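I've put the structures underneath this note.
Next come two complexes built around chain A: one with chain B, the other with chain C.
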Partner chain A sequence: MEKTIIKHIENELAVEEIEDGLEASDDLLGSGIVDSLGMMKLVSFIEEQFAIEVAPDEMVIDNFMTVENICEYIKTKL
Partner chain B sequence: MVYNLVHIIEQSAKEFPNKVAFRYMEDSITYKDLDVKSNQLAHYLITRGVKKGDRVGVLMHRCLETSIAIYGILKSGAAYVPIDPFLPNQRIKFLINDCGIKHLVSTDKQSKKIRKVLLSKHNLETIIGLSDLQNIETISWKRVYETLLKEYNSVNILSDDLSYILYTSGSTGLPKGIMHTHASALAFAKLVVDLYGFKHTDIVANSAPLHFDVSILGYCSAPLAGATTIIISDAHLKFPISLAELTEREKVTIWYSVPLLLIELLHKGSIQNKDFSSMRWVLFAGEVFATKQLRALMQLWPHAEFSNIYGPTELNQCTYYNLKVPPKTDNPIPIGTTWKNTEYKILDDQDNVVAAGEEGLLVVRSATMMKGYWNNKALTEASLYKHKIAEGFEHVYYRTGDLVKLNNNGELLFLGRQDSQIKLRGFRIEIGEIENILLNYQGVTEAAVIITDVEDNKSLIATVLTDGVTLVTEDNLKAHCKNNLPIYTVPEQILILKSFPRTSSGKINRRDIATMIKSLN
Partner chain C sequence: MNFSYTKEQLKLKEDCINFAKQELNESIYQNDKTCTFSKENWIKCANFGIQGMAVSPDYGGRKEQLNLLSATLAMEGLGYGCKDNGLPFALSAQMWTVQLPIADFGSELQKQKYLPALASGDKIACHALTEPEAGSDVFSMQTTAKKVDGGYILNGTKCLITLAPVSDLALVFATINPKLGKWGVTAFLVETDALGFSVSKNKDKMGMRTVPIGSLNFKDCFVPEENRLGKEGAGWSITNHSLEYDRCSILASQLGAMECQLEESIKFVKNRKQFGKSVSEFQSVSNRIADMKLRLESSRLLLYKVAWMKSEGKSAMLESALLKLQLSESFVTSSIDAIRNHGGYGYLSENEVERDLRDAIGGVIYAGTSDIQRNIISKLLGL
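Up next is the complex of A and B:
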C-alpha cells in the first residue's frame, strides 16, 4: 500500500522531481511536494485504488500529512 | 515615535513583552523574543556586509521564522524580498539576479531547492537558516540565536528607506518588483489599525504568503496594535475542515484573505457546526467576492462585520466598503470609498476627469503608494498620472488600470480591468459583466470568461465551477446568458469544470485556462 502511494506521488503528482525518493514520513503538505490540485487527485486515486470513499469530514490534515498517515487512515476504512 | 517598521516591534516589545506576537502550529514567539532574535539576525547580516539599501531575500514556506526574517532584515537596514518557494527554479534565479540579492534567509526545508539554485552561476554570498553544509557560507537558525549583541548597534532607518519589494507578474511576462518604503508600509499598517480598531487583544489570521501584499496586515498592522498573528500553514490551506478547526480553536477575531478561502470554508469547512463567535472583522481583497456567496457567509456569521478591501499592491489598500448586514440584492458590492490620507480621480481616455457617474480609469494618490518598480524607471513613469500644480510641483497618482464609476451614494463600483476589456467582431465587451451574469445563476460558485484566439478566430469561452449540489447544465447556462446578455456577449462555449488553475495567491489563473481550452480544441 505504502509503495503504491509513494510511486503514484513520485510519478504523477509531485510538483517537482523528488531527489533521492519520497519517504513515507515526509511532510507532503508543508513542504510543497503536492499542491492543492495534486491533493484532490491523490484523494481520487486512493478512492479508486483501495475501493474506499473519503468522506468530506475525513478530508483533514491528520489523515493526509504523510504517506504513513494516509496508510493508517486507509486501514481504518478497509 | 514610530516612523519606521522596526519601531513597531521595538514598541510592542516594551509594551507587551510577554504577549505572543506570532503563532505557527505549536510554535509561538513573544514580542520580547522577536525583538531579540530579529536583532541577532540583523547583527549577523551587518557582519556579513549588509547595509542600508541592500536587498535580502526570504525563501520560506509559511513558518514562525518568517516574522524573525522580516524584522531582522529590516533592522539591518535592508529591504526584504519574499521569494515564493513554489516558483520554478528559473524564476527564483531571475528574482535573485534582478534585484541583486546576495544574502538569502531560509529554513532547512528549502535545502534541496537552494542546492539546485546554487548549481548555476549566481552572486549569492550567504544562506541563513540552513544547518547542512553547502558550497557557500551558511549559518543555522540555532547559531543565529547564539549571536551576542554586545557589539550590535541599531541602524538609523528613515521612513523614506526601502522596506520591501514584492514581485508580481508583469504583462510582458517578466515579473516586476514593487518597491515600498517604511513610510508607505507604515501608513498602511496605521490606517488598518485605525479603520478596523485593532486592539492588543485581537487574534489576527494570516493566510497570505509573504510575497502577497495581504500579508502586510498580519505582519505589520497586528504587531502595531500588540495583537497576536496566527500564521496559517500551507497544510491548513489545503483542507478547509482543518482550517475551520484552527480558526475556531485560536478564537480568531480578525480574518483577512482572498474570497476563495472564505468560499471554501463556507462550502467545505462544515462551519455550521463550529463556534466562530469571537470573529469581529472579516476582511477580503484581491478578487470580486460573488455577492451570493458573501451573503451566505454573512448569514452564518451575523456577529461579524465584513469589509471589501480594494487596492493594487502598488497602493497597498486604498478603498473599503464595510457591511454590517448581508447585501439584499445580488448586485456586485461596491469597493466603497477611499480611506484616510488618500484621494482619487476617475479619468477618461484623454486623462480628463469624467462627469459624475461616468465610467473611467481610477487613479489614486495615497500615503500608502509605492516608491516605484525596481530597476524599471520607464514602467514606473508609465504607471503614474501627474497633475501639475505649478512648475516643479505636481500631485502624483497611480494609474490602477481598473475601471470604476460612482453610484448614487458616492461609492465606487469596480467595473473591470482596463485591459480585460475586449473587442469581439467590433463589439466592446466587458468580461466582468458576463461573469457576473453567470454567477447569478443558482448553483454557480465561480466563473471565469476568457477569449481564445484560434487562427484569428476569436471566441468567448466561459468556464464555471458549481456547488456540486444544484443541477447545472451547459444548456441551462447558455439559455440564462441569452436571457440576460446582448447576444454578442453570450459565450460560444460554457464549460463546467471541477476546479480552476490558481495563481499562488489564490486568484483564478485565466492564462492557464486559456491554454487548457486551446489544448482541448
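Up next is the complex of A and C:
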C-alpha cells in the first residue's frame, strides 16, 4: 500500500521531481510536494485503488499529512 | 451518460420558467440601476421551493426528491424565465455553498437552527472565503480563529462576499493555525449580529447589480464551539465539496439566460428590416446566430455531463473546469453578439439587452477565474 501511494505521488502528482525520493513521513502539503489539486487527485486515486470512499470531513491533517497517515487511514476503512 | 429526462424533471423545469416569468420580472431595469436587492422576490422563490432544493424534507426542503440533475434543470428554467441574472446567482450561492455544507457537515443542532429558516427565505446566508490578499490563492488566508475556552476568537477581513450586506448568517473560513496551511482552514457559522462582527454597505459593481456584495470584518469576534462546522481543519474539503454543485447551479441559470438571449436575438433579426429585407437574411447576422447556438449547445452538453457525473457520485474535476471555462466565456461572447444583433437598440440600457453582457463578465472571474480554469485543465492533462 505504502509503496503504491509513494510511487503514484512521485510519478504523477509531485510538483517537482523529488531528489532523494519521497519518504512515508514527509509532509505532503506543508512541504509543497503536492499542491491542492494534486491532493484532490490523490484522494481520487486512493478511492479507486483501494475501493473506499473518502468523506469530505475526513480530509483532515490527521489522515492526509503524510503517506504514513494516509495508510493508517485507509486501513481503518478496509 | 443518460440525458433522457423524466416527465417530472421536465415539468419541474417548465414550472420554474412559468414561475419566473410570472413572478420575478418586475422592476429589474430599475433595481439594476439602483443596485437594489429584492427581498420580495427572494421570499417568492422560497415559497415556490427553490431554496428548499438543497435541504432535506426533515428541515423544510425537498432535497431527497431531487438529485443534482433535477436541480440543475430547475435552475436552467429559472435562468431562462427570470430576466434578472443576479437572483438565480445569489440563490445558488446560498443553496450550494451554505445550505449544502450545513446539511452535509452540520450537527443536528446546526441543521435544526439554520436550515428551515434558510429554506423558507426567513434568513439569508453568505459564504465567506475570499480575502483582500487571498483571491485565487484562497487558502493563503489570514483570518484567524484562536481557540479559547468554549469557542474561538475570530480576527480578519473577508471581501467580495455575495449577499453579505443582507445576510443574517455567514459561513466563514478561518485558519486555526497559519503554519498548517490548508490543513488549518476551519469553517464557522457566524450570525451577523455577533459582537465584534461588522458588515460593509453594498458595493457598486459592473453587473449582477441586484445582488448585494460586501466585506465582513471580525475584531475579537467570539464564536461558540457549537458553531464550528465540521472538524478543525476540514474547511478546505468542505468548500471543495460544494464547489461542483455551486458551479452546476450558477452555470445552469446562465445557460437558461443564454437560451432566452438567443431566442430574443432571432426574433429581433427576423423582424428588423434594412435595405428592404430582414437583417436575418444577411449572412454576417445569421452566421452570428449560428455561433450563438453552437456556444449554447456545447455549453449545455458540458453542464449536463457534470450534473450527471455528480448525480452518479463521480468526481468531475476536469469536466467542471471545462464547463466553467466554456460556459462563462460563451455567455460573454454571446452577450456581445446579442448587442451586435440588436444594433443601437441593444446598446440602450432601457431595452434590457446590454445588461446580460455586464452580468456575464462576473462569470469569468468568480468561483475560479478563466485563467485558473485553464491552469486546472492543463494540469489535469498532465502538463
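In this section, the second predicted complex is superposed on the first by the 78 of 78 C-alpha atoms of A that agree within 3 Å, B and C clash if a C-alpha of one lies under 4 Å from a C-alpha of the other, contacts with A are read in each partner's own complex, and residues count from 1 in each chain.
We adopt the following convention: a contact is a pair of C-beta atoms (placed from the backbone, for glycine too) under 8 Å apart; a residue touches a chain by one contact, two chains touch by 3 or more.
The structure displayed is predicted, hence computed values, not measured ones.
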> Touching A:M65, do we find chain B (first), chain C (second), both, or neither?
Replying inline: both
>> A:S36 in the overlay: touching chain B, chain C, both, or neither? Say first, second, both or neither.
In response: both
> Residues on chain A in contact with chain B in one complex and with chain C in the other?
Replying inline: 29-30, 36-37, 39-40, 56-57, 59-62, 64-65
> For chain C, which residues are in contact with chain A within the complex?
Replying inline: 104-105, 139, 180-184, 230-234, 236-238, 240-241, 315, 317, 376, 379-380, 382
> Mind pulling up the chain B residues that touch chain A in the complex?
Replying inline: 61, 85-86, 109, 112, 233-242, 245, 268, 270, 498-499, 501-502
>> Which residues of chain A touch chain B once you look at their complex with the stated criterion?
In response: 15, 19, 27, 29-32, 35-37, 39-40, 56-57, 59-62, 64-65
> Taking the complex as given, what residues does chain A use to touch chain C?
Replying inline: 12, 29-30, 36-37, 39-41, 44, 56-57, 59-62, 64-65
